[in-house]
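Look at the two complexes coming up: chain A is in both, with chain B in one and chain C in the other.
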Partner chain A sequence: MTGLLELLGLGASAELLSLSGWGGNLLRGLANSLQIAFGAFGLGLVIGLFGAYGKLYGGKVTRDLLAIYTTVIRAVPELVLILILYYVGSDIINKISAAMGGGRVEINGVAAGIWVLGVVQGAYATEVLRGAIKAVPTGQIEAAKSYGMPAFMIMRRVTIPAMMSFAVPGLANLWLIATKDTALLAVVGFNELTLETRQAASSTRAYFTFFLAAGFLYLMVTLCSGAVFARVEKWARRGQPSLKGGAR
Partner chain B sequence: MDTAAAAASAPEADTRREAIRVEDLHKSFGNLEVLKGVDLTAHQGDVVAIIGGSGSGKSTMLRCINFLETPSSGKIVIGGEEVAMRSDGSPANQKQIERIRTKLAMVFQQFNLWTHRTLLENVIEVPVHVLKVPKAEAVARAHELLNRVGLGGKEGTYPAYLSGGQQQRAAIARALAVDPSAMLFDEPTSALDPELVGEVLTVIRDLAAEGRTMLLVTHEMKFAREVANHVVYLYQGRIEEQGPPAEVFGNPQSDRLKQFLSSVA
Partner chain C sequence: MISLKDLMQPHRVVMMLVFAGIVIWCAIALRWDWIPKYAPLALEGLWATVWILAVSTFLGFLLAVPLGLAQAVGPWYLSIPARTFCTIIRGTPLLLQIWLLYYGLGSLFPQFPWIRSSELWPYLRQAWPYAVLALTLSYAGYEGEVMRGAFSGVAKGQLEAAKSFGMPRFTMFRRIWLPQAVRNVLPTLGGETILQLKATPLVATITVMEIYAVSSRVRADTFIVYEPLLLLALVYMGIAGVISLAFRRLEKG
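== the complex of A and B ==
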């Protein structure tokens, strides 16, 4: 292995990327990025589900508030939002802490990242899920109603399972965006993959090696996600004949 | 209500238990008044066929009975229990309407099976999750019912892989699984290819023969005449004529009914 790398003239790169050196830092950055992406995607799903139901079935005030939320979040660039939400959020927490007689609170980077990106994801998820819920044939929900199912059970047993097949492609998009939006958290000094890469590159001057490695890691995440989402979509589409097969 | 007293005061009154009573039912969609005061009573064991042209309000009437459509005004009494309504016609007590709905099984024109569930899962869904029947019991009963409608062996199949006739028979099995006190059929054969209509009608005919209470909105005149013991003809939101099938079909009184029957014959 080492001999082969030497032969290709990549010995120096391999050494730079070794796990005990900068390579390990990159992987730790990746782990941080994924942790935030998972958290933000999950939080976004929860916000999105409430948002979608609120927009579809809520009262006028709920709908107006949600309209403001989705419009503002989707209108402002993510980078700006991250700066606003991060600094405003930590400011508010510190003000509250001060008011309650506490000292300065050290904001946990992961929690802050999840919160900030989760709020952004929630706005997009609201629209993805709203569209998916609207695509569920009304007859399926009517049938559930006509057999005496209460509203929450209809949501749990009929609407959510039936909308999944419509939601999965959009949600897969959101997940990939979440993994890449974690890179924006570099601006607030969070040690995710992009910031780790930049530090490694500028310390060693091996920009090409490290950014190529980081790109490779992002690509791996995308490929693995693609495989997972393909399985999820297959499960969500259970009972539906394949489109290209033309079965039936 | 004391049935003996009622029978005494009105000798011709039916002494069987009342299943569904609709009084002065009105329903408007915006400015369009679809039902203009309909009265209808079905006793236990009755098979009431509701016929009429498109837009006559027959489906709307059926859907008002289980409040899939909110009536504008009127009174609906199911099994002797009046549904509490607000002044705008919406159900005042959601729990009550949910309880009453479990006794009224509906069969839809478009089947409306849950597409992400197999036939077996469709049939046990309401017994297990709404009626809290133990799962093993519900599954055993579902096998029985699917066999009965001729779908034994299709338990694990998803609805989309079945013909319309098979889907509708599965929907009837789902309806029977809740052990309903009355069944509401909303044009059960209208979405089917002609060669599939017969298999569904056979199942419904069997149910009628075993004395199930049914309200049946249909375009199948021959079938209505054969299985119903009471036929209601709706015209523009009002009951134009009703009576035993031999009377309604054999000796129609109103010109509109005569015209309707000759147009569908």
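== the complex of A and C ==
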């Protein structure tokens, strides 16, 4: 293995990327990134589910407020939103802590990242889930209602399973956006993969080695998630006629 | 478009009044005295943002057409590289791509004497060529995928009809294939252009002085946190609005 790498002239790169060297830092950064992406995606799904229900069945005011939320979030760059939400979040927490007689609170980077990206993801998830819920035939929901099912049970037993197959492609896209948006947190100084990479690159001056390695890690995450989501979609579409041959 | 009658519903009037109240409160209670001092810089920054956006979308689209074509109908030795390019661009964060080009190429170029002595060197020492290059490649990667769908979506019969008229291949492409493909994806392109606008602040991290960088500078100089960010968000919403209006015009015309 080492001989082969030496032969290719990559011996120095392999040494730089070894786990005891900077490679370990990169992997720690990747773990942080994935943690934030999972949390943000989950928070976004929760916000999106409430948002979609609010947009479809809510009152006039709820609907208008949600329209403002999704429009504003989708028109302003994530980087700007991240800064605004970060400052707002830390200000609110410090005000609460001051009101309860505590001092300044040091905010956990992962939690802040999840909160910030989750709010952004929520806006996109609202639109994805709204479209998916609308695609569920109304007859199914009416049938459930006529059986006297409570609203929450309808959501759990009918709407969510039936909308899954429509929602999965959009949600897969959102997950990919979430993993890539974690890189933006580098700008506010969270130690995720991109920032770790930059620190490693600038202290060793081996820019190409580290940026290419990080790109490879991101690409692996993307490709693996693609494979996972393909299976999830297959599972969500089970029992439904295949789409192949129809559209394309 | 929203009609006046839609806007005049009671709950919307109340919401607008509340909103106007918030705006007035913002205008009075927050600090805006830094604006006159930084206005010229902000205008320059705004111009830089719009310029980078326009150039990178234009060049990116020019690159996306062959990429889409190669993936849709090209032979394997063209379609595989095109697909790989799109996958890599779409699979890695843009910030990483920008830093790879700026720090990577930027540290590589000075090692070659012939580059240092070339005419291009004064430009290669600045940050904006790398910013434009990264954003162009990113837009091309995303749009290459969109154009692939667009090219394969044009009805086969039309192309066959053109062929049976004896139309040369390039004329066929120029008159029938490309216009129809572009027309079909105009709404998508509009959305993607807004996404591209939202990607432009990333180039501030490699010292390009666009509008986001100006707001960071105001924050660093004056220690005012919220006001520059709120104004910045408004500016971006304004530009996004202009883009979506322009594309709606294009779709109709």
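Simple rule for what comes next: the second predicted complex is superposed on the first by the 244 of 248 C-alpha atoms of A that agree within 3 Å, B and C clash if a C-alpha of one lies under 4 Å from a C-alpha of the other, contacts with A are read in each partner's own complex, and residues count from 1 in each chain.
Operating definition for what follows: a residue touches a chain if its C-beta (ideal position, glycine included) is under 8 Å from a C-beta of that chain, and two chains touch if they have at least 3 such contacts.
What you see is a predicted model; the values in this text were computed from it and never measured.
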| item | value |
| --- | --- |
| Partners on chain A (chain B, chain C) - clash or fit | fit |
| Contacts of A:R157 with chain B and chain C, given as first, second, both or neither | first |
| Chain B versus chain C as contact partner of A:Y147, first or second or both or neither | first |
| First (chain B), second (chain C), both or neither touched by A:D64 | second |
| C-alpha centroid angle, chain C to chain B via chain A, nearest 10° | 110 |
| First, second, both or neither for A:Q240, with chain B first and chain C second | first |
| Which of chain B and chain C A:L223 touches, first, second, both or neither | second |
| Contacts of A:G139 with chain B and chain C, given as first, second, both or neither | first |
| Broader residue contact with chain A after superposition on the shared chain, chain B or chain C | C |
| Lowest C-alpha to C-alpha distance for chain C against chain B (Å) | 19 |
| Residues of chain A contacting chain B in one complex and chain C in the other | 248 |
| Contact set on chain C toward chain A in their complex | 9, 11-12, 15, 87-88, 90-97, 99-100, 103-104, 107-108, 152, 194, 197-202, 205, 212, 225-226, 229-230, 232-233, 236-237, 240-241 |
| Parts of chain A lying in touch with chain C, wherever the complex brings them together | 60-61, 64-65, 72, 74-81, 83-84, 87, 176, 180-184, 186-187, 194, 197-198, 201-202, 205, 207-208, 211-212, 214-215, 218-219, 222-223, 248 |
| Chain A - residues contacting chain B, complex | 137, 139-140, 142-150, 153, 157-158, 161-162, 164-165, 238-241, 247-248 |
| Chain B residues within the chain A interface of the complex | 66, 68, 94, 98-102, 104-106, 108, 110-118, 125-126, 129-130, 158-161, 178 |
